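First the structure, which I've put down as structure tokens, then a few questions once you've had a look.
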Amino acid sequence: MIIRYFAWIRERLNRDTQELDLPNEVKTVEDLLHHLRETDEDFAAVVPPETTIRLALDDELVELDTAIGAAKEVSIFPPMTGG
Amino acid sequence: MIIRYFAWIRERLNRDTQELDLPNEVKTVEDLLHHLRETDEDFAAVVPPETTIRLALDDELVELDTAIGAAKEVSIFPPMTGG
Amino acid sequence: MSVKVTIQAEMFDAGALVNQFTHDLPEAGAVTTFTGLVRSTPDKPIEALILEHHPTMAQKQIERFAQDAIERFNLLAIQVVHRFGEMKVGEPIVQVMAASHHRQAAFDGANYVMDWLKTDAPFWKKEVGPQGTDWVDARETDETAKEKWTK
Amino acid sequence: MSVKVTIQAEMFDAGALVNQFTHDLPEAGAVTTFTGLVRSTPDKPIEALILEHHPTMAQKQIERFAQDAIERFNLLAIQVVHRFGEMKVGEPIVQVMAASHHRQAAFDGANYVMDWLKTDAPFWKKEVGPQGTDWVDARETDETAKEKWTK
């Protein structure tokens, strides 16, 4: 699983991508966030649970309860401000 | 009083302007239309009462019951189709 | 808060107008441009359009709609160019440009001016087609389009 | 029924894009163009904007909004250009052009794409000002702007 970070999340984590083998109990995008907060101090500090973030699986915006399934990439980012 | 005609009304009347001294009893724009129909065969034929027309007094759109007052020009035309 | 209205027979360059309009507005975050063009469709092919107009009234009316739009939507600037006379298929007839800080005001400003212009600006279209010339009838939907601004 | 989406770092010429887009659409009676620009206001002066983006996702999302707009408003064509990277005050960030037979569809098409793009296209703005750089917060009103399309 490749994880991509964007905008201030990327900046504060000081990394834009990361490869990770997910344990079997990580089924949904929300599980992944829990897993990252438990195993990664930096992530827990930069993206605490109350942070407003948005997520994409393989270029599709998803909700927290979306199953990760066979997705190859998860993108984690703040609300968009384009246009 | 100058009367200006536009679009198909102008074409069918075969005139674009006309000068006219209005009798005292012609107070409103509607009175003027009656007066034109009574005194001008061409106008009566081209613009019978059921015709959808619009009117302006000195460059301002007006209703049938608007008083002519001190206006110098009346414009008579079909609904606009610009833009 | 500037309003500029030009009524001309000459062809205009739609893109060049957009660039000129935008050039001196450093505070504008949004510019909406509407361009109305002479169109020919397979079911009703035309060769050209002739626009008759009432010069003094057209100028005054369009300036008024533009000023209304500036105040109603808090715009930075609005510019309208409307042609009269004969124009070929594909040529621009009218262009309305509205600039504002945020996008919705720019959309609404241009849309508002176009809705009023369609029914209340003294222009009349005559189509030149294979069967001769024909005055264009006013569309009922143009009259009702204005109603969205009175809600 | 064509959709063209370009995501690029290079500056673009807003007016030239309008003219290119319009050139090959003889059936289009209406073209609406929205141009979003880097703006600096007296109360919040900035020098430049840096846009970060998610390239593959941005392309797919914008193509989808554009295709939705084509079908929803029966448009003839839609084109979107969105920049990323650094841009100066007054430079264009994004341009959306919608062509249709009649004017309201062209207005709605461009407006619809912009509303979705603001909240669902993966771009993030960072302002470069006298006090350093600052990520732009998402606006609540951008999120609610989409609601008008679900009525």
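In order of appearance the chains are A, B, C and D, and numbering begins at 1 in each one.
Throughout what follows, contacts are C-beta pairs under 8 Å (C-beta built on N, C-alpha and C of every residue); 3 or more make two chains touch, one makes a residue touch a chain.
Fair warning: this is a prediction, and the values are worked out from it, not measured in the lab.
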| item | value |
| --- | --- |
| Shortest path length from chain B to chain D (each step joins two touching chains) | 2 |
| Taking each chain's C-alpha mean as its centre, the one farthest from chain C | A |
| Chain A and chain D, separation of their C-alpha mean positions in angstrom | 26 |
| Averaged-CA centre spacing for the pair chain C and chain A, given as whole angstrom | 48 |
| Cα-centroid distance, chain C relative to chain D, in whole angstrom | 22 |
| Residues of chain A engaged with two or more neighbouring chains | 83 |
| Where chain D touches two or more other chains at once, by residue number | 36, 103, 114, 118 |
| Chain-to-chain touches, reported pairwise for every pair that qualifies | A-D, B-C, C-D |
| Touching residues on chain C, where the partner in the complex is chain B | 36, 51-54, 56-58, 60-61, 82, 93-94, 114, 117-126, 135-139, 143 |
| Contact set on chain B toward chain C in their complex | 4, 6-8, 10, 52, 56, 59-61, 75, 77-83 |
| Touching residues (chain side chain C, partner chain D) in the complex | 13-19, 22, 26-41, 89-90, 101, 103-104, 106-107, 110-111, 114, 118, 145 |
